[in-house]
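Several structures are given next for inspection.
Here come two complexes built around subunit A, the first alongside subunit B, the second alongside subunit C.
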Partner chain A sequence: MKKWKSIFLACAALLLITGCGKAIYIEDQRFIIAEGVDFDEEKKLVIYSSSPVFSREAKDKFKITTTTADTMREGKKKIEAQLNGSFGTGKLQSMLIGKKMLKQTNVLPYLDVFFRDPKNEINANLIVVDGPLKEVMYTNMSDKGHLGPVIKQLVESTYKSRITVQTTLQKFHQQMMDSALTPSITEMRVEQDDLVISGTALLHRDGTYATSLNNQESSLLLLLQRNTNKPIPLTLPLPPEMFQTDKEVSYVSFSINKVKVKFKSKFEENHFIIDIQMKVQIDLTERMFTLDMEKQSKQLEQAIEQELKKECQDLIKKAQKHHVSPFGFGLYVRAHDHKNWKKVEGNWEKALSEATVNVSPKVVIKSMGVSE
Partner chain B sequence: MGTIRRWLNGIRSAPIKDLSDELNQPISRTLNNNLITLNSIFSHAPDLVIRHFQLRTGDNAVLVYLEGLIDKSAINNNILKPLMYEINSVNDFWDSSTTIAKTEVVTLWSHIEKAIFQGQSILFIDGQDRSLVLCTQGWPQRAIKEPQIESTLKGSHQGFVETSGQNIALIRRYLPNRELKIKEFNVGSRGNTRVSIMYLDDVINPDFVKEMEDRLLQINVDAILNTGELAEFIEDHPISLFPQLIMTERPDSAAAHILQGRIVVVVDHSPSVIVAPVTFSAFFQSVDDYSNRWIIATFLRLLRYLALITTISLSAVYIAIVSFHYEVLPLDLLVSIGESREKVPFPPIVEAFLMEIALEMLREAGLRLPGPIGQTIGVVGGIVIGQAAVQAGIVSNIMVIIVAITAISSFIIPDYDMSSSLRLLRFPMMLLAAVFGMVGIVIGLMIIGAHMISMESFGISYGSPVAPIRLSDWKDVWVRLPMWKMKKRPLSTDPTQLKRQGANREGEDQV
Partner chain C sequence: MIKYTFNQISLKQYILIIYKTQVGIGVLSLPRDLAQTGGTDGWISLLLGWIVSILLSLVIIKIMEKNPEKTLFELLSKYFGKWVGKGLYVLWILYAVFAASVVMFSTIHIIQIWILPEMSNFILMILFIIPIYIVTKHGIRVIGLFAEFVFLISMWMPILLLFALKDTHWPFLLPIGKEGLFPILSTVKSTILSFLGFELAFILYPFLKDKKTATKGIIIANSLSLIIFLMVTIISFVRFSPDEIKDYTYPTLNLLKLIKLPFLERLEIIFLSFYLLMLFMTIVPYLYAAVLGASQLCGKQDHRPILRIWMCLWFLSSFFFLPSATQINQMGKSWGMAGTYFAYVIPMLLWLYGQLFHHARKEQRQ
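Entry: the complex of A and B
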């Protein structure tokens, strides 16, 4: 009898502690795969969402909904009113933000709901849209597929080919919160009815838009961020006179396989001097002019070194000009030179903009490909 | 009124007619008196043959036997012929007159009755107060064939038959050893089934033998028709879903179990034997494991444990995911499941029950029907129903795949009883998943695990060697190490003698 009593009690307790809530069947759920947000003229939020449609009768395989609201959560309610099914954000893949909105305000408060409600996905990629968001959401997808997966694939593949960064909502939150970093976000625009990843958008400390980097600069950004676990492909123009060749063919392409970085920072007369020594191992992938590699490979290495140095310096100068620090130099200074970091803490972007940054790459050609 | 009262009290059946007065009597000197008693014991038995004849010496004699249970040629050539034409004196016939291997002199009617039922024949001679039991058994028998349920590729192709003597002989062929002991019991007041236990006396833990004898002697039942019936009377936890005794129809597997220190119970009339005590993991070992290369056998073992998990929980996990935890699905899979679920009008639990029950019906139908039709059922069920149900929008594609995988994995498990139990366990697991989601599955698995490790089989933990942990046994549980590495018998059977083999390979140290 005692045994049955305890079994009964256990069953009763089990009924109360499900912790799963009510069952929602997949086909009754409307998953938001991509969500977009921008300001309209009156600074109200315009929220777009894309969700797959599970229906044999429906012709379109995904549905775009639009609504205006004051907050994201309020927008959810309004979108729910348009969807035949319950609204589920747990599978969000891409979060698009209009550049117009970014230029005017900090988006982090608007994204608060994602970090507060555990049912929301924080692994979604954050993307800045250059141009009207509506254009992206209503791009002709007949030759691509569902909008949500397409954007996700696009971002992932371009990140793999190293022409933009990949910033998830969680990473964005971290970049906003860390005083040594400013956010860098994938940038996308529509070109002739096609979605194109155009580079990287850099944000100020206060979360507003600062400037954009093109694809080449984005690659260099990844190099300076020391995000080099995948090879970074670069194409550099070399001065034509150096190898007696024409301007049109004076290009060299290579991929950076391995980088060793030595970092040094000094604080002198109220400004930082940062020395970055990079040992770069490259594989030559393209060289359009003729060259006797046996004799002139040293010369080629030096030419690449100079060009690489110049482009890196330019990128850093651009960042200094806009008072942003997407590279993460601050992380190094904070870790290795904490005393001086304390002096500039809270105003690192300004300190960086006044700092002297020297990049000195040392290039070694490891492989020249199969020809010659 | 008396009948009604008896019915109300629940005593419907009368006990076996009491003939003890007659049966305890010795036989009479006169042949006629004996025939009268015989007729009163065997009334309404048209198959009882009472053959009158004259011995060569002139005395009247009668040979009694049950037709059909005897070997006719033995009666003709080895009994009647010598008795009618060759003997010289009545007195010397008791020991040397017939050419039958086994004879016995009896006087009591109870012995005679038993002997006749066993297919022996009785010789009465007028004027003698004793009779002769002649061993002439020869009932219809099946040839020794390949086992049906436990088929193997490389193991022996002999399976047990319905005669316990033959079965014992089949086992003894593997273990011609003086330590192989056999004890006989008679179980059942009407059936009087011969039940024999076999074990290696110097290996087995004597407690098991004693426990087994106790349990067998306690059985008080009309008849035991099959091994499964006997198993229900002697197993430890009759309410549990898990089988606690292995029933094998393979002599080689029975011999292997005896060598590991277990008891084998051979039941007459039944082509399978009981092995005790067993652990949960023993149901996942097959004879083929030991004839395959050890790495392959190990892979198969692991596959079976994987099948164990998928059989119990795959459909439950599917239900839990599509109704509670869609977040765990990758996007592409989510979309394709959503598309295929969309046209199904039922919740996933109903869908799953429909398919699982249809599958169980198919399995049962295929089993009951004669062979060639059984295969048709497989085609009809598997292809026609599966495909048509999907097209009609009753079940989703994914569900059909899930059900097929659970079905296949339940058939991988080598022991039929265990695989049936596990197949049945799916249903409560699916219900738990539909109500509580993943939490329910975890709770279900915990209950199963707790139940399993709390059970015992003849004083041995059912979960052994995993719980309690006996590491040295693990070389034949999760993996199957090379034979020459298994130097000890499993500790799980608590044998009195552990050593199984010495150093076999060159350069190896002695144990």
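Entry: the complex of A and C
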């Protein structure tokens, strides 16, 4: 009898558990999947948002709303006024920021709501939009699908194929906070009614826009950041006279599988000398000219070395020119050369821009591919 | 004569009660507290804090060993006479009550900001009081069982944290000891709050079945806590940069926010719901220590009437005492301060006094 009583009580208690809150139907919910923000002419925020429509009667599968506000949180309130159904921001996947806004201001304060309100998602990807944001939000999606998932897939797949970085809101927060690093963010633009990831946008220490990298430079950026969890594919032009070919076919493509980096820094006469020795293991994937691999593979390695060195140096020079340090060299100096780091702490970008940086890659061809 | 024959705890329970009391509210903000003064060397301070807390635990056990079968109350009366002993005991009770209340209000606060922003204080208070009362009512044996239960049910939590080991940057920890010894030493202070809980050995010792194992038990308990603390701290340090971590109030929860499972969002809600049990397991032992003390002081066997009174007080206070985030912080800090005295300074003094006391007694006898 007593046993039955306790079982009965337990069941009653279990029934009550489901009773907290009422059922929520997905048709009545609005999830913001992608959100965009930019300045208008008067430096007010223009906020766009894209949310899927679950209603059966509706013809469109997602809805774009736009509003102007002074802060992101205020914008949410105004968007709520336009959307039917209760509203959730926790599903955010992409946060788009107009370049116009980035050029004028530091966006971190505007994004504060994401870090303060625990209901918001901080794993959303941050993307810089080159050109008007409106174009992105209203691109023709008839052959692609919902705007939100399309952007997410685009960013993730391009990151996987190593032609841009992937920066979540949390990563951006970290890059802004860390004195040894400046932010690098995925850049996107609209080309002929298609969304295109055009490379990487680099920001200054104060959070304003500095410069952009194209896809090739972005790959090299990942290489210098030592972000080599996935192979980095590169295509390099080689000097045609070296292998007696024409200029049109003097290209070689390979993917970098493994990189070993030796990092050394010295502080002499008020400026840094940074030596980066990279041991790069590559797999050849494309070679458009004929070559006797047995005899000339050493020569090919050297040619790739030179070209890789040149391109890395150019990228670093570009960063130095704009006073940015997206590579994370500062992290190394801080970790391994703390005494000298102390001398330039708080002013690392300037120190890096005056530093001499030598990149010396050592290329080893691991695989030639399956054809001779 | 053994006073607590029907109310004994095994070594396992003794370990788990202390361990679960230590791993509570402190862990949620620990990485930030360490980073603020110690930078990325904070984890070394943790090791030092562990050594200090083990030493003090041993001191406590030594004090209790000298007077087996005596509770802290009897011990204080023996050492200092009836009235001074009582006065000291009241202080200890107040400390325990304060600790329990700090954790209680912090728990309500955390649940409010992370999960239920619209829920009012008193509803949460009622909901929390019910299980706490049920566990504390039955005394130390049930608390021991509850500790075992909480331990079993929270085994998956540290493993879950390993999911956050993505996009880490280990050189953040380098160079070790970058700012020299002083910041590391001064950060040991911040670890005190986390390691608080071992001072409950004062109360638990008389209940322990096999008293010889007390030393071993308390070392295991402290070390278990250290493992959890180190894990949380190091994962937070390599995942967030040392500069960023200072920006989060509860870095441990932010760590959970970063874990993305394909079928689940806002993992921290589920985590916190289970973590509630861990927080209760911090509240319950302190509460029991206080209530037991108060009933001993009144000369009563039954601790339940006082427990009921205290539950009512908590419930009533939830109507007009609505602490803000700053106040919660302040309360945590004062608990740390009080803990420094009650868990670190007083045991030392008590031990020294005890040495002298027993020495004097011996000479008298001769």
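Going forward, the second predicted complex is superposed on the first by the 346 of 372 C-alpha atoms of A that agree within 3 Å, B and C clash if a C-alpha of one lies under 4 Å from a C-alpha of the other, contacts with A are read in each partner's own complex, and residues count from 1 in each chain.
Keep in mind that, in the parts below, a contact is a pair of C-beta atoms (placed from the backbone, for glycine too) under 8 Å apart; a residue touches a chain by one contact, two chains touch by 3 or more.
Being a predicted model, the structure only gives us computed values, none of them experimental.
Once the two complexes are overlaid on the shared chain, A:S179 sits against subunit C while remaining clear of subunit B. Of the two partner chains placed by superposition, only subunit C is touched by A:P118; subunit B is not.
Of the two partner chains, neither subunit B nor subunit C is touched by A:V370. By the document's definition of touching, of the two partners only subunit C reaches A:A335; subunit B does not.
In the superposition on chain A, A:A12 makes contact with neither subunit B nor subunit C.
With both structures placed on the common chain, the touch criterion links A:G90 to subunit B and to subunit C.
In the overlay built on the shared chain, the residue A:E27 is in contact with subunit B alone; subunit C does not reach it. Shared interface residues of subunit A, touching subunit B in one complex and subunit C in the other, are 90-91, 121. Across the interface of their complex, subunit B is touched by residues 14, 17-21, 23-27, 29, 31, 33, 52, 54-56, 88, 90-91, 93, 121, 146, 148-149, 152 of subunit A.
On subunit B, the positions that touch subunit A within their shared complex are 322-327, 331-332, 334-335, 337-339, 341-344, 347-348, 434-440, 443.
Interface of subunit A with subunit C (complex): residues 90-91, 115, 118-119, 121-123, 170-171, 173-174, 177-179, 181, 331-332, 334-336, 338.
For subunit C in complex with subunit A, the residues that touch the partner chain are 113-114, 167, 169, 171-175, 178, 240-241, 243-244, 247-248, 253-254, 257-258, 260, 265-266, 268.
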